[in-house]
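In what comes next, chain A is part of two complexes: it sits with chain B in the first one and with chain C in the second one.
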Partner chain A sequence: MNSDYVISLRNVAKHYPIGDGRFTALQDINLDFSQGEFSGLVGPSGSGKTTLLNIIGSLDSPSEGTASVLGKNIATLSHKESAQLRNREIGFIFQVYNLLPVYTVFENVEFALLLQNRSEAERKKAVMDALEWVGLTHLADKKPSKLSGGEGQRVAIARAMVKRPSIVLADEPSANLDARNTHGILQTMKDLNRELKTTFLFSTHDEKVMQYLERIIHLDDGRIAQDEIVHAQSTPT
Partner chain B sequence: MKLAFQLAYRNLLGAGLRTWLNVGVLSFAFVIIIFYNGWIDGWNQQARRDSIAWQYGFGQLQVATFDPFDPFSITDAHAALPAEDDHLTPVLLRLGTLYPQGRTMSIVVKGIDVNQTVVDLPTSALTASKSDLPAIIGEQMALASHLKTGDEVLLRWRDIHGTFDAATVTIAGVFPNQVPGIDKGQIWVPLKKLQDMTLMPDEATYFIADANFQHTEIAGWKYRSQEDLLYEINNIIKMKKMGGSVMYLLLLAIALLAIFDTQVLSVFRRQKEIGTYISLGMTRQQVVGLFTVEGAMTSIFAAVLGALYGTPLLGWIAHTGIAVPMNSQDLGIPIADRMYPVFGLGLILATLMLVVISATIVSFLPSRKIAKMDPVQALKGKIQ
Partner chain C sequence: MIRFLIKGILRDKNRSLLPVVIVSIGVLLTVFLSGYIRGVMGDMIDLTARFQTGHLKVMSKAYADNQDQMPNDLALVDLSRLLQELKQDNPKYDWKPRIHFGGLVDVPGPGGETRSQGPGTGLAFDLLSPGSSEIDRLNIQNSLVRGALPATPGEALLSEDFAQKLGVQPGETITFFGSTMNGAMAFRNFTVSGTVKFGSAAMDRGTLIADLGDAQDMLDMDNSAGEIVGYHNAGAYEDEDARSLAAHFNKNHADGDEFEPVMQTLGQQNNMGAMLQYTDHMAAIFVGIFVFAMSLVLWNTGLLGGLRRYQEFGIRLALGESKGAIYRSLFTEAVIIGLLGSIAGTTFGVLFCFLLQKYGIDISSVMQDSSMMYPNRLRARMSLDLFVIGFIPGLFSMVLGNLLAGIGIYKRETAQLFKELEV
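Right, the complex of A and B next:
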């Protein structure tokens, strides 16, 4: 295990018990990600993309092998330690945004900081900075139900970024967005990746997203089919 | 913990109607519990006050064989004290028969010192009367015997040797009161008179003590303190309290069921939210805590809402009182025509504790399920 890597996966497998036997969702996964990488898991539905992201995000644990995130073995963390890791170091972005419906945009973004017991002034500054990155300061007091899809996903990005995490895991972030919004949020994330050196890992089967990726890992039936470094367009058309 | 309260507050306000329904029902339970207990407490205080003022004084020194609940014990319950005591007012009890309008009524004749001031009995009416054998009776007795002030009625009794004698009694006054123990089935006559009639000079069945009485053991006599004497009232009130609690505990149960139901539903319906909390860095225990606090806070909102409409409402009731329709002396303890509930701080705090603690428990029980949730399944909304 090389501790220079932000994420290190060794022989990771995930099995689910099904009836008498088991279903293998992931197998022989060996991957390393360095800080600042902008990469994506690509593959057909059911190929194991979400499962792998969840293991890296310590929401799930591997059935075999070891997954290390920031030098910590996911499988051996206590509930509290893994919660802490998610709270400080990992930002999640989901396909359906998963914004908390009763909270305002500001409160949604603020949430992770509340858990960190940061002072109100500190929180306010960090939240407004994050909203500025995604260009939504004017919607701070709105409820998620009043937002468009693109705006909702931008809030989710702000929420993931507000704590300046080491890693952002984005599971099909563009699935519910049109082309214009997809390019918009990808450009925003790319900028943040450059500026803050945050490591981004996507899962996608969206060509528009792939244009931005610097590294594409093809998953097929839970195995790595191909791991390629690509020349990303910085300003795709 | 502070965070849980902060978040629970946001969540409850955000949940809107459902929250307010629960809060409304629970606040109603809250007010009813306080109202009912305040009513009983008010009754209790009034009953104690009246019993002390009209019947018990500051305690009673009784002939040892006298049992207030056994009329037959009266026959032999008469004796003289070895020494007089200024702080004791003598009362002699004798069994007798009254013949109002040809009917027969078994009664207790009570002789009391006409100059006494220890109880509120209007014994001055006995001194004021010119009649040979004046008597005062309570309202209920007047009702039962159809006697009124100025009426004459034949009384028969036995003297110390068991010999029957009879005389005409003149009703010198009918006194309003709320204490059955000095009213039903009894007439009050001057003590001296009764002692003469029964050939029991200087004897009494019991003495009513005043505030300054100091008790020392006297053979053949037993002293019953004020609290002792109030024991029966306390018991009856306690029974009433328990009987009524069935009603309001049912109401509370309904309110708690609504909270429980909300929680069960929430744990199921809010799984994506639960998964999101966990992805943002809450532990599952923290989420359990948050959901529990939401339920507990529902009860606090209910207390606030209950206070908003309950304070003026109960305050008004405490001020104007409640008319008691029944002729309630049948209960055997004092009850006023108009009762004034008493809402003490202790009652309010105890109710608050009861409601908050029970709401917290019913919120916690369904929320425990969260601790076993797989966050991945929760995020997918796939937990059954």
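Right, the complex of A and C next:
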């Protein structure tokens, strides 16, 4: 396994028991991702995109094969080690922004840093930096219910990026956004990818998202159907 | 992190308000009912001890077996020697002889003919000695409704209700008819010096109170008394001490004679032992009941809250919080909410207890025909433990309810939970 890769998957399979038999969600997955990649898993519903993101995000472990993230074998991590890996190295962005409704924008972004026991001054600076990246410093004191869809997803990006993770996993991040907002948040993520060299891995079937990807992995029935390097347009339309 | 959790609790009314209200109500009921039961039972025990049982009582064995009949023919004789012995051997108790007797109270008219009459219960004790502890113990001075305390032999008190029924005024003469300890007829004139009301229907219905010397004289009970009651100088009944003392006394006086003196504790008379245990255990019973009931309610509340917060837990898992940390934060939240509810419930519970102690509830109308030594006004009793007793069910049930609800989250596989969270 090449240690230059931030994510390395070898013969990964995932089975779920169903009655006396089993359902295979992933099979023969062999993938490597380098630092700073802007890639996407593409495929219809049930093709295994989310299962694969869950394994890379150390929320699940493979039934067979080896999944290595930042040199750590996901299958051998304890619950606590998995949580630490997510806490320090992995950011998640969801299709519904999943902001905590009782907390302000600032507090939502700050939460990830609270788990790292950082000082208040450090947290404040990091949160304001993250909100500045996504252009929302003026909404720091607002509750999520006062935000538009695009603003909510930008907050989610800030929350994922505030701890400066090595990897960001984005599961259908444009599902609830219109075209203008989709391009807006994708451009923001692309900028962060360039500026911070963060590895982005998307799960999507949205053509607008695919326009930004540099590498597209097509999944079909849990197997890799195609793994293609594409040249993303600098300003897709 | 705790500050972050507190912010969430305060801002999310669904997470905090209902559990706080449930805990507050449970704690309020625990505190209030504990104070109420302790007050009511305590008053009843206290009243019974003061008028009937003492903390300890010495009687002849035969008298003890038939004491409901006030059998003065079985009374203690050689009273002064026995009193001397009791005072010498057990100086931490105040020993006082008393005589209970029954008979007919007759009120003569101007010509000597009967104007009115009725059955009366007599109680005789040391009324005339200067500074007699019995007057304070039986609260005679404060119970006076009309007239004054007896100052000379031949004066007596009547209960106010009895006096009104007979149409007797202080200063008038009454005649008591009964029987001596030898079975002969006894009668004696008393001047009613005043009337009293004790606040117990059993006592207020028809009681005549006379000095011990007058009763001994009237009933041919020279150097005799039906019973000697003992009261701990500290004022409170000490069951263990009383039991030990009674056992020692009975062992020393066991000679097989039916007139041998026997000593009984408060707990050994009138089923008061069960009452004492009931009072002692009541607080524990209430705490147990409310812990159980509130835990079930809060478990359900916790489950509903947990389901509602699945999304939040999923986000927190994704952000790198471990399941153990989420579970611990649920515990911390439960402690915070339990404390808030306990403080609110204790405040109101103690306040209600204080009001019930101060003003009481008048139940005299329903106690008119009762023969129980029971106060006419129900009162709670404040004590320091009321300030802490509610925290046991308040904290315990909230924490137990939340932890039971949280087990579901803890036991699920992270990915499965994450999937269920639909994040």
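Everything that follows uses one rule, which is that the second predicted complex is superposed on the first by the 237 of 237 C-alpha atoms of A that agree within 3 Å, B and C clash if a C-alpha of one lies under 4 Å from a C-alpha of the other, contacts with A are read in each partner's own complex, and residues count from 1 in each chain.
One rule holds for everything that comes next: a contact is a pair of C-beta atoms (placed from the backbone, for glycine too) under 8 Å apart; a residue touches a chain by one contact, two chains touch by 3 or more.
Please read these numbers as outputs of a predicted model, since none were measured by experiment.
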item: Chain A as common anchor, with chain B and chain C clashing or fitting; value: clash
item: Chain B versus chain C as contact partner of A:N193, first or second or both or neither; value: neither
item: First, second, both or neither for A:Q153, with chain B first and chain C second; value: neither
item: Chain B clash site on chain C (candidates 111-119, 291-299 or 363-371); value: 291-299
item: On chain A, positions contacted by chain B and by chain C; value: 54, 57, 59-60, 79-80, 83-84, 86-88, 92, 94, 96, 98, 100, 102-103, 107, 111-112, 114-115, 159
item: Chain C to chain A touching residues, read off their complex; value: 1, 4, 7-8, 11-12, 311-312, 314-325, 413-415, 418-419, 422-423
item: Residues of chain B touching chain A in the complex; value: 3, 6-7, 10-11, 13-15, 272-273, 275-276, 278-286, 374-376, 379
item: Residues of chain A touching chain C in the complex; value: 54, 57, 59-60, 79-80, 82-88, 90, 92, 94, 96, 98, 100, 102-103, 107, 111-112, 114-115, 159
item: Contact footprint of chain B on chain A as seen in their complex; value: 54, 57, 59-60, 79-80, 83-84, 86-88, 92, 94, 96, 98, 100-103, 107, 111-112, 114-115, 117, 159
